[in-house]
Each structure stands twice: as C-alpha cells, then as structure tokens.
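Shared between the two complexes below is chain A, which pairs with chain B and chain C, respectively.
What follows is the complex of A and B.
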C-alpha cells in the first residue's frame, strides 16, 4: 500500500531546567493513502504533539531532536519555513478541538476560509468567494451566501466546526489531521461531523489522521489505529483487530474502561495509577507501574516493537517470541 | 448603532450638569472673595458691595446657579473678571494651541508607542525588548515636569537644537510633543506588547499558521486587529485628556493653551474663566469616552450589537 506519510523514530523534546524531556520518544507511524488512521491515548500521551510535529508547529521550547517525517517524498524535518508554509493548509491541513476559539473573532468566517485558498492558489477574489460558498454548501452550512459574512460568534459550535472543515478541505489536501474534532460538540452533531469528514475525504482521496480519546469514534470511522502511551506507540493494527485481538495490556485497559450500556456495574473499571511525568519516566516499559502483567524485565529494559501478525505491532514483553510460542495471553474480545 | 450613540449622548447630559454643580459649589466654598482679589486690598466696602451686585454675587447660590446654567446652554459662560472678555472667546482662542500640541504629541505617542510595542513583542525577552520596554517604563513613571526640564536642559540649553519655549514655530513644538507624548507612548507600547503576546497564544493564531500563513501575515491580519482593540480605546481616552490641556507641559514651555488658562484662572480666582475651562474639558472627556466606546464597537463585531 502507498503511504503518503511515514514517520520513523520521531523524537520531540522540551528543554526543561537543563534536562531534555521527551514528549515523543521514537514513534513510527504510517499513513496509507485515502485511509483514516486513528491515534488514541490518554491526555498528554503525545497525540497532539504528533500532529503538531507533522504540521511543523511545535511551540518553543519544544523541538524535533531526531527521526524523520516523510510526506510524499519530502522530508518535513529538513525543509525551510517558507516551503513548510506552502505545504501547510494546502497539502496538509488541520482541524482543531475547540471550534469556539479556533476562528478569529473579529474576521468574517468567509474571509477566513478565503484566505486559505488565496494563499495557495492563483485565483481571483470573486472566484475564491465562489469556491468558499461552494464548500460551505458541501459541508452543510445553510444559507451559505449569508453565512459568508457572519462573524464566528454568530454561529453555533457545530456550524463553526463545519467552517473549520471547509477551511481545511478547500485546497483538497492530501492529508487532514483532525485533533479531537468532535470533543467540544454534542453527540448528535458529532455523528454528523464525522460522517461529513469521511464523505469529503473519500471524494477527494484525502487521508485522515483522527486524533481522539473516544474509542467509539475509532470504531466508527478508522481503518487503522495507533495506541499511544507516554510518548510511544504501544500498539498499532487494523481497527477490527484492535477490538477483537487486543494485545497490549494498556489497550486492554482502555477498552475495558468503556462502560457498557445495559450492563449493571457497581464500579466502573479504571486503569490504576496515573500517566507518568515525562521528566521522570520509568526506566523500562513506561506502562510498567500500572500494568497487571508486569514482569521483572519490564522494569529494566524497554520493549521493542514486535509484529505478532502482519499489520499488528505491539510493544510489550508479553509478546517476545520465545521459541515458537506465540501470544502468551489472550484478552477478552471487545466489540 | 446611531440610536445607541444618541442614547450615550443623552446620558452624558446629567453627568455634565453634575460636574457644573460640583465646580460651582467648590469655587464658592473655597476661601477668598473674587471681588477683593480682583480689586486688591484696602478697598472701600461700598465699592465691593456695588461690584458684587453688578456681578450678581449677592443673590442666593441657587439663583446664581440657574442664571449660570441658563446662560451656559446658550454658549455664554460669563465674562472673565481678570481679562474682562467673554470666557467662550478666551477658550476658543487658547484651544487651537492646545490642539496643535495634542495632535503632535498624539502622533508621536501613537506611532512610537505602537511600533515599539510590536517590535518589543516580536523580540520578546531579548535585549531589544528590554531596551524598548525600559524606555517605555521611564516615560510612564517619570514625572512630566522632570522629563520637560531635563529635555530643556539638554536640547535647548546645552545643544541648542530646539528653542526653550514658545509655540509659533514647528521646532518649538518638538520638545513639548516629546514630553507630552513620551508618557502615553510608554503606556501604549507596554499595552501593545502585552496584548500581542497574549493574542499570539490564542487558538485562532494556531489556525492561521496551520492555514500556511507566514509569521508576518499572521501578525498583520490576525494578531494585530485583536491586540489593538483595547489599545485603540486607550488612545481615544488619551487624546481627550491631552486636548483638555497638558497643564504642566503648557506651563513649562509657555504655550498659551487650555491648561495654562486654567492655572491662570485658579491663581487669579477668575471664577467664570475657571468654570468655563472645566466645563469645556469635561465635554472633551465625555466626547473622548464616547468615541472610544464607538470605536471599540466598530472594531469588535462581538459587542457591536450590545452597545
């Protein structure tokens, strides 16, 4: 399969009190063309940091200290600020979590969307305006012509997120990064927005990176999933495989934490403990303090990426192939 | 919008009447009789009574007040005791000098203040930022008379580049404009800097960057408009206070403007003139506030409807 984006051994670190704190510590991600790839994990696990590294928008004092990001044969970690700006918004665009604050409050929404297209395409203002109204219609904004002249505060959260999607899709990007696009919206709108994104991307052939902590969203639209924990990818596989053949204890914990409708539970399942501080990480596996299956080796060394099947990577000592013995444990199916 | 502005103007009328009332009472409570001050000591009581009667000072206070108000609404603020001229005329003669100084100072402070604020924000926390903000802090915290005297000493007395005082030539306006403008330039620069730095952290700036805009364009078309909203309000308020007469600056540089007029009126107990200048400046301040509010609502669509 063709990958439009390949991330290899990417490391992003922050200089904190003279010490390097790794927010991303050697992650590998492949984004196939035209597919939807989910990145899930708890807050602070590096999901958004991954997105910002791809966009080249990591805030100071963070910076990429190693690895590569290859986007359609362009090495993004090495290109100039100007070249990056040409890719941003055109070939790679992004939708953010908070539609309420992601639009400039004093500029008309139509103008904000128009800005993106005028920047990247040789096009007259009239044509650009037509295109904006066209995309507003496509993303389901009623009375698109009238809404062109609206200010963000005059629109509802759902409409604003539609504007953001329009802005991200107007240049027909090759890759769309959606950073928790539906977290701030209510559930009925969530489904509409997800469906819309999926439809638009299918028609243009755009790949999507869907960053979320919502397993429901993953199950609904993602083809492939990366599970991240404390700056590392701990498991990655096809969505179906992830739910049916869960391998990593952390993924298992995540899936078990979803309450099931119709089943009476006295106490909801939680993964014990907290996400480790990136300034003070355990020496071996980062999940070791919270893992029910921890062995001695987990405390001392870092597990390697093991492929237990084609397309199914797990970073856990439970799956270290000792002689011909395969997976040592089987988790219950989650579906 | 027009309706709202009209509403604001109507609300200002009671404010104006209140100010007139307070000034009126205060001037009559303070010790010293205007007639004695005017005529000097050792004057016959009969003469004093006669003149008091002529000026209407023998009538009860409320009568005096109503007479004053009824004249004032027709643009007649009485006759100056000292100069024996119509107060309105005196103020209108002095006002252009104040306007000239205020406009020069405002231009200095806006251009210098805004540009150095942006410059400092772009160079956040490095030596240039410190230098600019240090200069701004100096302007904000040094008393005006001290800046005036130091500049006079350096540029007029020692270097002889600009005249010590006066108001006729363009060169003579330079030092007073700097003196008057430095202070407001300082506060504008500090506010511009901190607002830009705050706005640059907003989500919509990230969106603008994600669109592919370069830093300069992000600053120009997204950050500045948001960051300048409060600064514009401050600028409108500052110009109204500058127009109300820079008392100290005008006195030190010998510019016969509103501020100097007010000080002279206080020194000579020239009640009609003092009342006139205070009312005049009150109107200016009210106008300044009105303009500030309207500007804010023009620039910020979020409050356009509310005002």
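What follows is the complex of A and C.
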C-alpha cells in the first residue's frame, strides 16, 4: 500500500522551566492513500498535537525536536514557512472541533470558503463562487446560493460543520485531518457528517486522519486505528482487529468504558487515575500506574513497539510475556 | 445521492426561509425601537450632532454675514434681532462666527482623530498579532507617549512647527495614537487565539490577510466607540491650543480663539464668551453621550461572542 504520510519517531517538546517536556515522544504513524485512519485516546494524549505538527502549526514554546514527517515525499519538518502555506489548505486541510468558533462571525460563510480556493488556485471570483456553491450542494447545504451570503450565526451547528467540511474539501486535498469533527454535534447530525466525510473522501481519494475519543466513531468509519497514550502510540491495528483482539490494557480499558445497551451496570467502568503529567512521567511504562496488569518490569523499563501480527503493533510487556508462554490473552470481553 | 436527499429539504426550507426573512425585518425594526428607547440621550445627541454638522457644511448659506465681515460702528452690540448673539469688538456677528467655528472644530474632531486611530490600529494589530520583540517595541513607545501629557506634547509640536490648522492636524494625529494601539493590541491578542484564525492558518492564509480580513473586522465595534469618544478630546485639544495661542491664528473663527479674544469683555458682554464656550460644551457632551450610548449598544454583542 502506498502511504501518503509517514511519520517516523516524531518528537515534539515544550520548554518548561528549562526542562524539555515531551508532548509527543517518538510516534510512528502511516496514513495509506484513500483510507480513514483513526487516532484515539484520552484528552491530553497528544492527538491534537499530532495533527498540529502535521499542519506545522505548533505554537510556541512547542517545537519539533526530532523525527520526520514525510508527506508525498516532501519532508514537512524541513520546508520553509512559505512552502508550508502552499501545502496547507491545498494538499492537507483540517476540520476543527468547534464549528461554532471556527468560522469568523463577521465574514459571510461563502466568502470564507472562497478564500481557501482563491488562495491556492488561480481562478476568477465568479468561478470561485460557482465552485463554492457546487461544494455547498455536495456537502448537503440546502439553498446553497442563499447560504453563500449567510453569516455563521445564521446557521445551525450541523450546517456550520458542513461549511467547514466544504472549506476543507474545496481544493480536493490529499489528506484531511479531522480533529474531533463531531464532538460538538448531536448524535443524529454526527452520523450524517461522518457519512458525508466518508463519501466525499472516497470520491476524491482523500485520506482522513480522524482524531476522536469516541470509539463509536472509530468503529463506524475508520479502516485503521492508532491508540495514543501520553504522547506515545500504544497500539495500532485494523479497526476490526482492535475491537476483536484487543491487546493493550489501555485499549481494553477504553473499550470497557463504553456503556452498553441492554446490560445493567451499577457503575460504568473507568480507567482509574489520570493521564500522567508529561513533566513527571513514570520511569517505566507510562500507563503503569493505571494498569491492572502491571508487573515489576513495567515499573523499571519502557516496552518497545512489538508487532504481534501483521498490522498489529502493541507496546506492552504483558503481551510479550503472554506470547512467550504461548498462551492466549484473556481479557474480560468488553461487550 | 446527496442531491436526492436535498431536494426534499429544499422544498421544506424555501417557505420557512421566506418567513424568517420577514420576521427578521420586523425584528430589526422592533430592535431599533427598543435601542432608541433605551438610549434616548444618545439618540438625541446624534440628532444634535447631525444638526451641527449640517450647520457647519451649509454655514455660508444660513449665515447672513461673513465670518470675518467687520462693521466697526456695530461693535459689541447686545443680542438683537439682527444679531441674535450680538457682535464682538470688531463688529463681527457672533452667531455667524460660532457656526463657522463648528467647521474647524468638527474637522479637527474628525480628521486628526481618524488619522491617529488609523496609526494606532495598525500598530496595535501588528503588536498584538506578532507579539515578542515587535510587541515590546511598539508598546514601550506607546507607554512613552502616554506618560507624556498629550496637550504638552502637542504644544511642543506646535511651537516647533508654528501655529496654523495644518500643524494642529499633524500635532494631534501624532499625539493620540497610543491609547488606540493599546486597546486594539489587547483585542488582537484575544482574537488571534480564536479558532477561526487557526482555521485560516490551516488553510494557508497569509498573516496580512488574517490580520485585515479576520481580526480587524472584529475590532470594528470597539473602534467605533473609541472613535466617537476620542472626537471630543480632539476638539477640546484644539480649543485649548487655540486658547493658548499656539493653535488656530486670528482672524480664523475658532471657538478657542473666540473665547480668548472675548475674555476682556467677560463682564460687559458675557454672551461673547458664553456662546463659543457653550458651543464647545454642547458638541463635546453630544459626542460623549453618543459614544456612551454606542458602547452600551455594542457591548452586549461583544459579550455574546
């Protein structure tokens, strides 16, 4: 499979009180062409940081301190600001979490979408307007011509997110980064938006990075999943494998935390504790304090990324040990 | 596929959209009514300002005399039908001169304020958006300007360049940008952290376009209020400078100048001093009330954001 984006050993750090705090600590991610890849994890795991480093929009004092981001054989960590601006919006575009605040309240939505296309393609204003109306129709905005002249506050959340998708898709990007695109929307709209994104990307051949903490979204549209924890990828595999053959205790915890219909529970399962402070990480495995399966080795050294199968990477000692003893993993089934 | 789904929603929407439009129009008028009711003073001030502006523009039409037409046999006349506010020591009609004085005061109020606001806005936007050393340099410069009494600074400029209207323009434009740049900088600081700015960046929009298309329009409510509230201070500065003799030079019909030349007759012919003084007061108050009213109207909108 050709990958349009390959991230190798990417490290992003913040200078805090003279110390380097690693928000991303050596992550490897491959995005195959035309596929939807999910990145899941709790808040503060580095999901959005991954997106921002691909976009080259990490804010000071954050910095990429190591590793490479290879996008269609362009090394993104090394190109100039000007070249980056040419790629942003054209080849890589992004949908933000909050459709309410991602649109400028004093600029007509049509104009905002037009901005993207005029910037990257040499076309006249009339043509650009036609393209905008076209994409508004495609993303399912009723009365596109009228909506072109609407201000963001005149649109509902769902419509605004459609505008955002239109804005991101208008230049037919190779990669679309969606940072929790449906978190602010209600569930019925969520399904529509997800379907729309999937359909648009299939027709254009765009790959999507779907950043979410919603396992339902992952199950719905992702082909491949990366599970992140405290700045590291702890498990990555095909969506189906992730749900059926969960390997990492953290992933298992995430899956167990989802309430299930028809099953009476007094109390919903939670992973105890919080994501560790990146300034004060445990010496061994980062998940050790919260892990039900922690053993001595977990406290002292860090697990390596192990491929336990084709396309199934896990970073956990537990798994290795079990494999060594040739017995199968027996987690409590999550559903 | 999507289009099929849309056709249905399109038909449903069309009617409701038309309805909402009528509703919105009605709502707008209703809203305007309540706004006027809640801000009677501001609305009244607006009318006063409007009348003064009209008087200033059509001064040569409504006045029976010229502003500098002397008639020495009619010196220091008391108010009468021919001269509603009497005449000054050179027999010039006071009302005429007050009306002509409005021209100077309003141009001084509007133009230098506009220029200094433009300078202040641009510097504030740059400081707030780019931050770091640029921000530091611009803000320290603004601090220095603010630390210096502005009237004194204007006087220094006037003394070195000499009196006259053009020089007042320049002096007032150079002196008053600092406070604007401060306010706009803080607005820009908060606006540049907004998600739509991030979104614009993620589309590869350049800094200049982000500043002028995404940040500046959001500052406009603040600028409008700031502008109306800065006008009276500019008018006052001009009057003070003219009063002190470094502003407009005689025989220009300027309110400050009229007060200073009439102060000899304060007890014999008080209307000579009172007329221009009242004119200054009315214009300054009207602009202040209007500015306050505008702030009341625009502030809740800002809070909503």
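Keep in mind that, in the parts below, the second predicted complex is superposed on the first by the 323 of 335 C-alpha atoms of A that agree within 3 Å, B and C clash if a C-alpha of one lies under 4 Å from a C-alpha of the other, contacts with A are read in each partner's own complex, and residues count from 1 in each chain.
Quick note on the criterion: contacts are C-beta pairs under 8 Å (C-beta built on N, C-alpha and C of every residue); 3 or more make two chains touch, one makes a residue touch a chain.
Predicted model, so just to flag it, every value in this text is computed and none were measured.
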For the combined arrangement obtained by superposing on chain A, do chain B and chain C clash, or do they fit? clash
Return first, second, both or neither, reflecting whether A:9 touches chain B, chain C, both chains, or no partner chain. neither
With the two structures laid over each other on chain A, which partner does A:199 touch: chain B (first), chain C (second), both, or neither? second
Looking at the overlay, does A:98 come into contact with chain B only (first), chain C only (second), both, or neither? both
Once the structures are superposed on A, label A:88 by its partner contacts, choosing first (chain B), second (chain C), both or neither. both
Taking the superposition as given, does A:121 touch the first partner, chain B, the second, chain C, both, or neither? neither
With the two complexes superposed on chain A, say which partner A:151 touches: chain B (first), chain C (second), both, or neither. first
Taking the superposition as given, does A:137 touch the first partner, chain B, the second, chain C, both, or neither? second
Superposition clash, chain C against chain B - the stretch among 3-11, 39-47 or 57-65 that is involved: 39-47
Chain A residues touched by both chain B and chain C? 55, 57, 85-90, 93-94, 96, 98, 101-107, 115-116, 119-120, 164, 167
Inside the complex, what are the residues of chain C that reach chain A? 1-3, 5-6, 9-10, 13-14, 17, 194-196, 198-206, 209, 213-214, 217-218, 220, 305
Considering only the defined contacts, which chain A positions touch chain C in the complex? 55, 57, 84-90, 93-94, 96-98, 101-107, 115-116, 119-120, 137-140, 142-143, 146, 164, 167, 196, 199
Of chain A, residues touching chain B in the complex: 55, 57, 81-82, 85-90, 93-94, 96, 98, 101-107, 112, 115-116, 119-120, 151, 153, 164, 167
In the complex with chain A, residue positions of chain B that touch it: 202-204, 206-214, 221-222, 225-226, 229, 299-302
